[in-house]
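So, here's a batch of structures to check.
Each of the next two complexes has subunit A plus one other chain: subunit B in the first, subunit C in the second.
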Partner chain A sequence: MDFNQIIFIFQILFTAAVAENIALYYFLGTCPLISVSNNLRTSFQMGITVTFVMLISSSINFIVYNWILVPLELEYLQLLFFVLSIAAITQFLELFLDRYFHEIYASFGIFLPLIAVNCAILGVSLFIVLREYDFVTSVVYSLGSGLGWLLVICLIASLRRRVDTSSISIYLGERGITMLIASIIAMAFYGLTTAMKGLI
Partner chain B sequence: MVPENPVFVLALGLCSTLAATTKVENAFYMSLIVGITTIVTSVICSFLRSVIPHRFRLISYILIIVTTVITAEQLLKIIYPEIAKELGAYVGLVVTNCIVMGRMEAYASSHSTTESFCDALGVSLGYSMVLMSISTIREILGKGTIWNLNVMPDDYICCKVFSSPPGAFIVFALFLFVINWLRSFGRKN
Partner chain C sequence: MTLLYSILTVCVFVILLCLFIVFSEKALGQSGNVEVSLNEFKSFETKRGIKLIQALKEHDVFLPVACGGKGNCGRCKIRINSGGGYVTSLEKSCLSEKEIAENYRLACQIKLKENISLDIPNILLKAKSFKAKLINSRNLAYKIKELVFKIEDEVELDYQSGQYLQITRKLPNEDVIRAYSLSSSPKNRKEFSLDVQLVDGGIMSNYLHSLEIGTTIEFCGPFGDMSVDINSLYSTETVVLVAGGVGLAPMRAIISYLIEVKYSGKIILFHGVRCRKYLYSEEEYRNLENKNNNFCYYPVLSEPALEDGWIGKTGFVTDYLNEWLDNNKNDLNSIEVFLCGPVAMMEKANDLIKSKNINMESVHSDPFSF
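Our next item is the complex of A and B:
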């Protein structure tokens, strides 16, 4: 692998994690972002689980799409296959962790069923098909997206700890203040991306 | 429709609410798709509720939803190819929209076909109302237009932040504030 390829991979990683962050740019996986982010520890575990499942499911979906659906000309069934494979992966992972790594299962096993309906995971698989990435790029892209999601949920969870101790308007409520936090983080990411573009 | 609005009160289906509201046009088609999917899946679900075994109900619901969404996606691609291109992956993501699944699980699985049709209609009207109002504000402030028609004076400087992602969060938070404020009046009276 030469230098240019490494640069290219880093570029994809940066774009997926920061510049076009899956949560703040495409608004995927916002439901758990708003509802689960009240504790830093659980948010971190949730983020790790999402990253892991995203990585596995998008590589399997890539293989399913390019090796099974395209030769059979069944591209329009992609949604059905993606949803089924994500459900199967989460189910399988749950059983596997429960059997062999019980400690890990005890710490994030409860999040696995929730992840089956996380739109970020399905979204990444669909984006990979839409943009016609090759295998390496799609693996890097899904890794970057997962890490970006992890970063955002941890940031929001840490900021919400400050919110808990301060008095906010009762009309805004927990959800509203989380939305405002998300918008401020989104602006910060936006600014960072612009600054990086200036450097490159 | 209003007191149990899926987006504001229950915080379901946030993804599409935020993503599809940069333009009124997109929001309109998005709410149309979500509405049709909710109604069709609820009706099918309540129709088949005595046939579906309880243990396999979630997987059967997912299959019903996926089939409906694939049909809707293909129809959209034929009738409005440009809209389908602009909405992109979000049409497929209706599958994971919690509103559709939530209605099936909470209402359609235990009520008659007519009742669940009315319920789904109400929920999707509430959803589209939210989508349309958010997108109207964002399009007026961000681009100075409604449905691609100019409504602002020519020297209006577009406030780009409202058509970019952070703006969606801000407008949503403001909406939440106003709605909770109005609800508090209702409670006092």
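Our next item is the complex of A and C:
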């Protein structure tokens, strides 16, 4: 692996995690982002779980796409196949962790089944196909996306602790102010996108 | 043709995934038995992999589950001596760090994977599941009914005043579990009564209010730490009861019990409600106050309506409790306080009692929420 390749991989990782963040650039996985981010500790656990499942599911979906769908010329069924395999993977992971890594299972708790309906995970699998990444790049991309989502949910959770002690308009409510917080962080992240373009 | 081809592929894929899940469940799932020992004298074997609360229920040990085993209410808290596995994240949010350090766990969150030994308070071992028939139902106040039940079979209900029962209503999608305080004196072990307030959209309260006389339903209990026993009251000179709304139910049980056993100390009852239509047993307690010098009754309305013609106390019940505590500063060492009402009232009352330096061990509470 030469120097340029390492730079490219690092670039993919940084773009996925920060500049084109899955939660704030594409606004995917917003439901758990808003409902779980009321507590920093649970947010961190959710983020770790999402990263973990994203990494595994996108690698398996890469194999499903390239080894099953492409040879059979059924690329248009990718959405259906990805959804099914994500559901099966979360089910399997739950059984597997419960048996062999009970500590991790206990800390994931209720979040693992919730992952099956997190669209950020499906989104990452679809983006990998769309951008025609190879296997290593797709693993790096999914890891970056997961870490980016973790970063954002922890940022929002930390800011939301301030919300409890501030007086917020009742018409805005807790969810409303969370959306505003998310949009303001999104703007800050958007600034990084332009910075990245300047670098390249 | 393409359509058939794609449908076939999807079906094959789904079948493969299902087979994969079924096989992994077979390979990774739990099998065999584990041993559960209770209080070091009783033990039984049960299937590996099921929840502790389920295993206990199968062996006639009933723990309170106000939330239906979702890990929200924290009522199934028990102390583990050995086994039990790792503390789940849900338990960490429900139990305090001190409780976790002392090996307290939630029975609804423990999956049995190894032999386990645990302590269950004796008071909980009395709880059982039984059937009772509705024999009387009368209106106490606006939207509040007193339901009298008679226990069927040979079962006797051995409870202490202040405790509560659990009712399970089986619906197609879920089991709805609610807790109701016993409002009758524990002297009669075959009959008991519950005060039920109708809640808008309340699944259980609507069901109980529309229950026809003669219907039999299933109960589980008694539960609750808030209980009164005359033997523990020998050094207590004053019993202070603070009730909010239908929180009067356990207080009614406590008062009738104390009157029955001829308790010699003072009984002070504060009852806070919004307006007069929610105030119940008023006449009964006013009569009792006239007859019995040791009994004091303070009904308080927070928002009396114009038509109530109320000339009594208005405001929050906690303000009058504060006033009373200030007037009886010297007797605070020998009082026992019982609180039952909405969470907001309970928090306020608890803060107030703490600020008066009353020993928290003599304060018993049972919060409720709809």
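Basically, the second predicted complex is superposed on the first by the 194 of 200 C-alpha atoms of A that agree within 3 Å, B and C clash if a C-alpha of one lies under 4 Å from a C-alpha of the other, contacts with A are read in each partner's own complex, and residues count from 1 in each chain.
Keep this in mind: contacts are C-beta pairs under 8 Å (C-beta built on N, C-alpha and C of every residue); 3 or more make two chains touch, one makes a residue touch a chain.
Since the model is a prediction, treat every value here as computed from it, not as a measurement.
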*Mind working out whether A:Y26 is in touch with subunit B, subunit C, both or neither, as first, second, both or neither?*
first
*When the two structures are overlaid on chain A, which partner does A:I68 contact: first (subunit B), second (subunit C), both, or neither?*
second
*Which superposed partner A:H102 touches (first subunit B, second subunit C, both, neither)*: second
*Should A:S183 be classified as contacting the first partner (subunit B), the second (subunit C), both, or neither?*
first
*Is A:L77 touching the first partner subunit B, the second partner subunit C, both, or neither of them?*
both
*Residue contacts on subunit A - larger count, subunit B or subunit C*: B
*Considering only touches as defined above, state whether A:F8 meets subunit B (first), subunit C (second), both or neither.*
neither
*Check subunit A for residues that touch subunit B in one structure and subunit C in the other, and list them.*
77, 80, 87
*Flag every residue of subunit A that touches subunit B in the complex, lowest number first.*
24-31, 34-35, 76-80, 83, 87, 117-119, 122-123, 126-127, 130, 169-173, 175-177, 179-180, 182-184, 186-187, 190
_Interface residues, subunit B side, partner subunit A - complex_ = 11-16, 18-19, 59, 62-63, 66-67, 69-70, 73-74, 88-89, 92-93, 95-98, 101, 161, 164-170, 172-173, 176-177, 180-181, 184
*Contacting residues of subunit C [partner subunit A, same complex]*: 5-6, 9-10, 13-14, 17, 20-21, 24-25, 28-30, 85-90, 92-93, 111, 113
_If we count contacts the way the header does, which residues on subunit A are in touch with subunit C in the complex?_
39, 41-42, 45, 68, 72, 74, 77, 80-81, 84-85, 87-88, 91-92, 95-96, 98-100, 102-103, 106-110
